[in-house]
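The next part holds the structures, each set out as structure tokens.
Shared between the two complexes below is chain A, which has chain B as its partner in the first and chain C in the second.
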Partner chain A sequence: MNDKNKIIAGLVIFFLAVLFPFWFNLIFGAADASTAPETELTDKAKKAETCIAETEDMRTEHMQILDQWRDTVVRDGQRTYVAEDGKEYEPSLSNTCMDCHSNKEKFCDRCHNYASVDPYCWDCHTYPEETE
Partner chain B sequence: MENSRRRFLKNAGFSVLGVGAGSMLIGLSAHTAKAAGPDGGQRPQFSMGDKAMEAERWGMVVDTRKLNDSLCRKMQEACHSIHNVPEPVGESARRDQIIKWIWPTEFKHAFPGQEVEFLAEDVAHRPIVVLCNHCDNPPCVQACPTKATFKRERDGIVMMDFHRCIGCRFCMAACPFGSRSFNFRDPRPDIEDENPDFPTRMRGVVEKCNFCAERLAVGKKPACVEASDGALTFGDLNDPDSDVRKLLAEQYAIRRKPNLGTFPSVFYIV
Partner chain C sequence: MNVAYLYSLIAVVVLGLIAYAGVEAAGLDVFFGVIIPYLALIVFLIGFANKILDWTKSAVPFKIPTTGGQQKSLSWIRQNKFDSPYTTGQVVVRMILEILLFRSLFRNSRVGFGKGQHIAYKWVVWLWLFAILFHYSFFVVVLRHLRFFAEPVPFFVNFLEKIDGMLQILLPNLFLSGVLLLGGALLLLLRRVLLPKMAYISRPADYFPLFLIIGIAVTGLMMRYLDKVDVVRVKELTMGLATLQPGIPEGGISGLFYVHLFFVSILVAYIPFSKLMHMGGVFLSPTRNQANNTRAKRHVNPWNYPVKTHTYEEYEDEFRDKMKEAGLPVEKE
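For the complex of A and B:
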């Protein structure tokens, strides 16, 4: 048993290789992958203060809400939405959501790109920057 | 302490039971907390809105005697512009790929089963405006494998859910009136002035007239009816006092291909 040095060197190389994603991110990745992007609110959205639900809920549930809006509007024809706080909204992505959040690139896309999701809303629905 | 297999199995069983029950309790309490809402406010609700026009079965009566080419063009323009229907020009325009919701045609094409041997000259050459008939027994709905095309039971409108359309075009084969068009390519480059209030379509979906369901929801009549200078009348076919029923009670009106049993909701006074 006099291969002690070789074994230790081998172990060090092995652990460096296995832990590559961790130390690489610690040293080089701090700027992009490890920090979640900040969304920017337009002046109109800031002024309104609340969305159709709490910010925390919107962050986690907006896809389910949009799905429900879509089905209720298209299939049941119900085009008025009364939120939890009693306010009335037109359930429409282009006309209601994008009216306040008209900055798609800085609001929608930042998180979607970070999370690597590619929603196909925009294949059909328009957003303000596009129609201008 | 005696370590037997029996004791080990007993302990293992109890721990599994304990962990399972515990996580179930945690899950349940989290679920009830969420269902109650963060501040106990009312749950969000949907409704029709105050201005919505409602009927049991929407229908239309077309007075073909009042139609002429420029009026037909005006109605088509009104419809196609608000619904973002692409109108390709130049080289990209192909006759077999035209997308249309409402369009003029001739009597012999609109009513091929009429077999009128000596048709009056003015009837034979007058433009007949045709659109989706919103049949009471729609064959397109039966053909659709994804239920993207459906009949709204509330008001009889045959609607399309573009989100669900997979572009199989069974509905186009099933429709005896040619009311459906297919987007063979991305329609967006061919839309001149996009209406931001209505979505466009994407490549690979079928589209057709929706009786302006989005306008009825805010209390407006269909765009073609508004643009028609009185040639088109719109109303509830199930209401004996409606404009359409009054007109039908006075005038003889025909429907397209009635022998097929689709029961169209669009009537034509010839």
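For the complex of A and C:
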């Protein structure tokens, strides 16, 4: 039947689309894409040893903490944040977070880019220019 | 209580528990994170090709396009080109409209009594609405997941994420498609459960994929907004799968992720053997992909056997002499 070739052509196109990740990564992908990029800690961050919460929690919850901070500061004017361990911090992305993590490109961006996350923090916040 | 959906619901819940317990209690990370997804993909590819090739072999005895408009006729009667296509080009347009816009669902109507005893036909749009909501949000969700399976992430995925998250509510940024997918699947489920006639004709095979997709959507939304998993580790695992260097990332991922992955694997492997095969079947449905041109072109049934005929000309050739002898008129001398 003359439709057989058309159907098989359609099937091949469909399979190519389904298998997109395999050939895309083979052609365009980086060599070690299955290992996440390392984040670099600044000396100040290393010295502090702990962030405002455990590292595991910070990995998954930092965006919600920031969201919460934004609301409590902007809407309630509350400018102290008490961490789980009782320590007090000023809820501020620029002054608290980026005081230690001043290397946005080597800290924030590495994971965000890897996971294709494009946070709108820096639509408003400026970040310190990084020097070579 | 309808056992048809109870069976399906129980099946999905049990499958979820198997994956969760398998990873959290038995430590079968590699089994659920690497072996099952690859197996599912292989089953899908072979099963899908098998089904399509099987359909390719089946005969098309009749020309049976279902039409919804005036067929090609005399030059002063206007033809409805896309509801009663005559050429291959018109069929292609009709197919594209059907596949992208679900026009045949849009035409859905319900029969009932209008005023008094008059039969009335009412246009019912709900199935179309739920279906288009569900299919397109599912499509967007699947495309967005390419961010886990491609490094660098392709530009169209970033573009899609921008549009999908344009409301900028919640953090992590709310993707509309995820919520719409869950909503669409729930509406399709409620339709089957609440409408008595729909419930009557619904089998476990109708409910199972719906519950499975609802399960996928719920676990997906949970991982993003509630009981969050570490997205970077998830990408390490999925990139391992996509680059054929599978492995379980250091530190592990929570059981919820494996439930999600197991549900998706089951769905993918289930497609070729179920009603979900309509994703391939819609292209091959003879009531849609044929031209309504039987008056101009003869459609030959492929399984017609050669019929032995004996035409009048052959009859005359055989008996001409005898016919002449008997004085019967003949056409050829």
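Of note:
Simple rule for what comes next: the second predicted complex is superposed on the first by the 98 of 132 C-alpha atoms of A that agree within 3 Å, B and C clash if a C-alpha of one lies under 4 Å from a C-alpha of the other, contacts with A are read in each partner's own complex, and residues count from 1 in each chain.
FYI, a residue touches a chain if its C-beta (ideal position, glycine included) is under 8 Å from a C-beta of that chain, and two chains touch if they have at least 3 such contacts.
Everything numeric in this text was worked out from a predicted model, so none of it was measured.
Put chain B and chain C next to each other and count what each touches on chain A; the higher total goes to C.
By the touch criterion defined above, A:Lys47 reaches neither chain B nor chain C. Of the two partner chains, chain C is the only one that A:Leu66 touches; chain B does not reach it. By the touch criterion stated above, A:Thr80 is placed in contact with chain B alone, chain C being left untouched. Residues 120 of chain A lie at the contact with chain B in one complex and at the contact with chain C in the other.
Taken together, the chain C residues at the contact with chain A in this complex read 44-45, 48-49, 52-53, 55-56, 146-147, 149-154, 157-158, 161-162, 168, 170-173, 228-233, 235-237, 239-240, 242-245, 247, 249, 280, 283-284, 302. Taken together, the chain A residues at the contact with chain B in this complex read 52-54, 57, 70, 72, 74-86, 91, 94-95, 120, 123-126, 128, 131. Across the complex, chain A is touched by residues 37-38, 41-49, 52, 150, 152, 154-155, 159, 161-163, 194, 196-197, 199-202, 213-214, 217-218 of chain B.
Residues of chain A that touch chain C in their complex: 1, 3-4, 7-8, 10-11, 14-15, 18, 20-22, 24-26, 28-30, 33-36, 56, 59-61, 63-64, 66-67, 111, 114-120.
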